[in-house]
Amino acid sequence: MLADLKKQVFEANLDLVKHGLVILTFGNVSGFDRKKGVMAIKPSGVSYAKLRPADMVLVDLEGKIVEGKLNPSSDTPAHLALYRAFQEIGGIAHAHSEYATAFAQAVKEIPCLGTTHADHFNGAVPVTRFLTAKEVKDDYEGNTGKVIVERFARLKPLEIPAALVAGHGPFCWGTTPAEAVKNNLALEKAAKVAVMTLLANPKIKGLPAYILRKHFLRKHGPQAYYGQKKGVRKHE
Amino acid sequence: MLADLKKQVFEANLDLVKHGLVILTFGNVSGFDRKKGVMAIKPSGVSYAKLRPADMVLVDLEGKIVEGKLNPSSDTPAHLALYRAFQEIGGIAHAHSEYATAFAQAVKEIPCLGTTHADHFNGAVPVTRFLTAKEVKDDYEGNTGKVIVERFARLKPLEIPAALVAGHGPFCWGTTPAEAVKNNLALEKAAKVAVMTLLANPKIKGLPAYILRKHFLRKHGPQAYYGQKKGVRKHE
Amino acid sequence: MLADLKKQVFEANLDLVKHGLVILTFGNVSGFDRKKGVMAIKPSGVSYAKLRPADMVLVDLEGKIVEGKLNPSSDTPAHLALYRAFQEIGGIAHAHSEYATAFAQAVKEIPCLGTTHADHFNGAVPVTRFLTAKEVKDDYEGNTGKVIVERFARLKPLEIPAALVAGHGPFCWGTTPAEAVKNNLALEKAAKVAVMTLLANPKIKGLPAYILRKHFLRKHGPQAYYGQKKGVRKHE
Amino acid sequence: MLADLKKQVFEANLDLVKHGLVILTFGNVSGFDRKKGVMAIKPSGVSYAKLRPADMVLVDLEGKIVEGKLNPSSDTPAHLALYRAFQEIGGIAHAHSEYATAFAQAVKEIPCLGTTHADHFNGAVPVTRFLTAKEVKDDYEGNTGKVIVERFARLKPLEIPAALVAGHGPFCWGTTPAEAVKNNLALEKAAKVAVMTLLANPKIKGLPAYILRKHFLRKHGPQAYYGQKKGVRKHE
């Protein structure tokens, strides 16, 4: 069932490793089939070296296993909370990549300091509050998703396809698993360059809003003109 | 047409990736044939893994496509503005390399703090002003080139073959596409070492002017004595 | 004798190199057989490229060579002091990995700033005092172990499987040589992200205690629920 | 003539690249035969990819070419000044490695903050003064060697086998070309960890003198006990 989605999720998980975003086994990617209401996700604690497409676990929106013999990632309830709240998304990547995790641990949003950031995120990448002791006790992973959704009350998920969970790390998403991983990579680069920018000039205020909008919109939305016309050979 | 130039531009684009200067697909190299008045440039949004020499797009100085089925890089008008203003140059490289981009985002020139810098750049690498809202709206990419040219009013392009566009990143150039990429690599290293130098000693003032001149001139210009005599086997 | 332990120790030593934790030849891993009271350890000053499983030296708890023609690592007395004091451990890794060594040189514990840290260490990773001149003169390597043991008077070795020796670097341990290396890798990542976190927000106070406990306990101890059930295919 | 020395120098030059110490072509290693009074050195501006052992240039202590068709490295006079002044040394490595160069540009010595440093350098690695305008004009490369020799008036070259030239970068040496490169690698690691140490604790004072001495002497000099006895299989 959903062999193609499992393959996409499997390959996106390996891409996390290939891009150096994963520390140890701390990473997982999922994909969601909206029509069937089923998510494919990496099994928990299985090493990347031995992972196979068929190991991907299928669960429904309430977390019930639909197919698969292994336990799904322990972060499964966080992924499901995002798929329930963000109707536009079809893939989620979670990795403790170094610089994005540093901002999450610093409990600071990643400000938009340049066009590398603006090409992917239409504004600062926000950071959630810490979970309360009660939220941790009751349903830690589910409430991890909840604080992200709460933080996005007035934000559009596909305009800012990432959030930092305070004291934890980034969650990134997109319309597909591959796009979620690409956004994680873009986030990590933006975070690293932001750290270096603040070292070079601690007082910098960030990109003027009109340049931020321009860069985001030349790549995304109806007026986008970056890349090739549809039907023309296009890669990446 | 211009198969050799296309090949040079193709290879220089791949060198950007090889040297780790490119973040995602954010990079493009062009080359210019002065006699024909034609530029070869990377197509927009095509992944490096699938790029072929024949994909390079040929455009004239006004941006009209002379040959090629793909859209040229969206930064094409910025490249053309530089070729029009800087008669000495034959190649341009643009990559969001991490440390040079950090200085661009910090809106700070890269000061000449040592001979690694002085061997390639005869002084600080300057940073432009931000584009105005009107400039962004009217012709974003063309005006990106314009602010560089404006900043170089009293500078010689081949003595300081790079500029930082505020909030964006570096543009580097040279007499050939390969030299432009080499200057981008030198800029990135100079920028990284500058960040670390300022961490080690925030009050450092930079290299005395007489050492800066000496280092630049022993490699460039009529008195250069670095390397091998002409006719002798010389590489790189 | 103890061919399997030697092989484990040999492979764990190579893993130090593979993970980039070793600077030059500064690293050694040992393993301990509790029943026989014998430790296998890397020989001193032998390059990793030429190391063979049979080169591992076997010594008893007093440091007497039981088997092997080469000198054991000069850090042998430090390893033995830890095996004598910490009954739960079966492997020790010592490498001058860059960021963990920076904290050791800074004589600062690595605070628990996020869940990447909490997944492996149930609190801050402590730093010892400097050895006294007399301790250095009398038995430098043995007393290096002694100050770690002293620092752990009120700590549980398997809850915080690492210590920083002031001015020197980290020692990490676990139930096996492989686990000791894995903890060294986790420590290095936690240390790097901690440096970047403090750059992004020098005033950050660290992870709330209830999140720290939650993360440690979901991976370790009787209530752990991360990973797969026993008997199910489990890797890493 | 001196085919073995040329081979050693050739291999040591490639090791600079292998260890990531070289930025662009900025690096050169030489070796000196005391009996013959002849130095072998890398030719100037030749790319590492095309270098052959036979390309090494032989020059005498006054800089006269004894054998070789190519120009010797433009840093030749600096190397010769060191071989003339430091009778104990047989190899010199010069590379603009990132972190050591940062300290040179910061005009700050690299303090001994830990045992990684102390294992190779018996104290802080000193920095020279800037050359005067007259020294630059008269004999830039020769005077680069002169300021190092001047700075070592009261230091022993084999106890601190490296110097930082202000605004330029490190020169490292040893009894052989290979040892010079190894000392450059150790210097670069010590410099990087020193930057991170100072970030983690700007007020740190450095390693107590009695630990510094202990670490240097357990690896160097008549009481050294690190490694294997002579005659026993020893590598690296």
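So that you can tell them apart, the chains are marked A, B, C and D in the order they are listed, and the count of residues begins at 1 in each.
Here, a contact is a pair of C-beta atoms (placed from the backbone, for glycine too) under 8 Å apart; a residue touches a chain by one contact, two chains touch by 3 or more.
Model, not experiment: these values are computed from the prediction.
Visitor: Need the graph distance between subunit B and subunit C over the touch network, please.
Guide: 2
Visitor: Determine how many degrees of rotation, between 0 and 180 and to the nearest 5, align the Cα atoms of subunit A with the equivalent atoms in subunit C.
Guide: 90
Visitor: Please decide if copies subunit C and subunit D contact each other with the same set of residue positions, more than half shared, or with different positions, and reply same or different.
Guide: different
Visitor: State, to the nearest whole Å, the distance from the C-alpha centre of subunit A to the C-alpha centre of subunit B.
Guide: Their C-alpha centroids are separated by 33 Å.
Visitor: I'd like the Å distance between the centres of subunit A and subunit D, where a centre is the mean of that chain's Cα atoms.
Guide: Going by mean C-alpha positions, subunit A sits 46 Å from subunit D.
Visitor: Which parts of subunit A, given as residue numbers and ranges, touch two or more other chains?
Guide: In subunit A, 198-199 touch at least two other chains.
Visitor: Which of line, ring, star, complete and other names the graph you get from chains that touch?
Guide: Chain contacts: single closed ring, each chain with exactly two partners.
Visitor: Hey, which residues of subunit D end up touching subunit B in the complex?
Guide: 23-26, 43-47, 49-50, 69-71, 74, 96, 98-99, 101-108, 130-131, 133, 136-137, 140, 167-169, 195, 198-199
Visitor: Taking the touch rule as given, give the residues of subunit C at its contact with subunit A in the complex, in rising order.
Guide: Interface residues on subunit C, with respect to subunit A: 113-116, 119, 182, 185-186, 189, 192-194, 196-201, 204, 207-208, 210-211, 214, 218, 225-229, 232-236.
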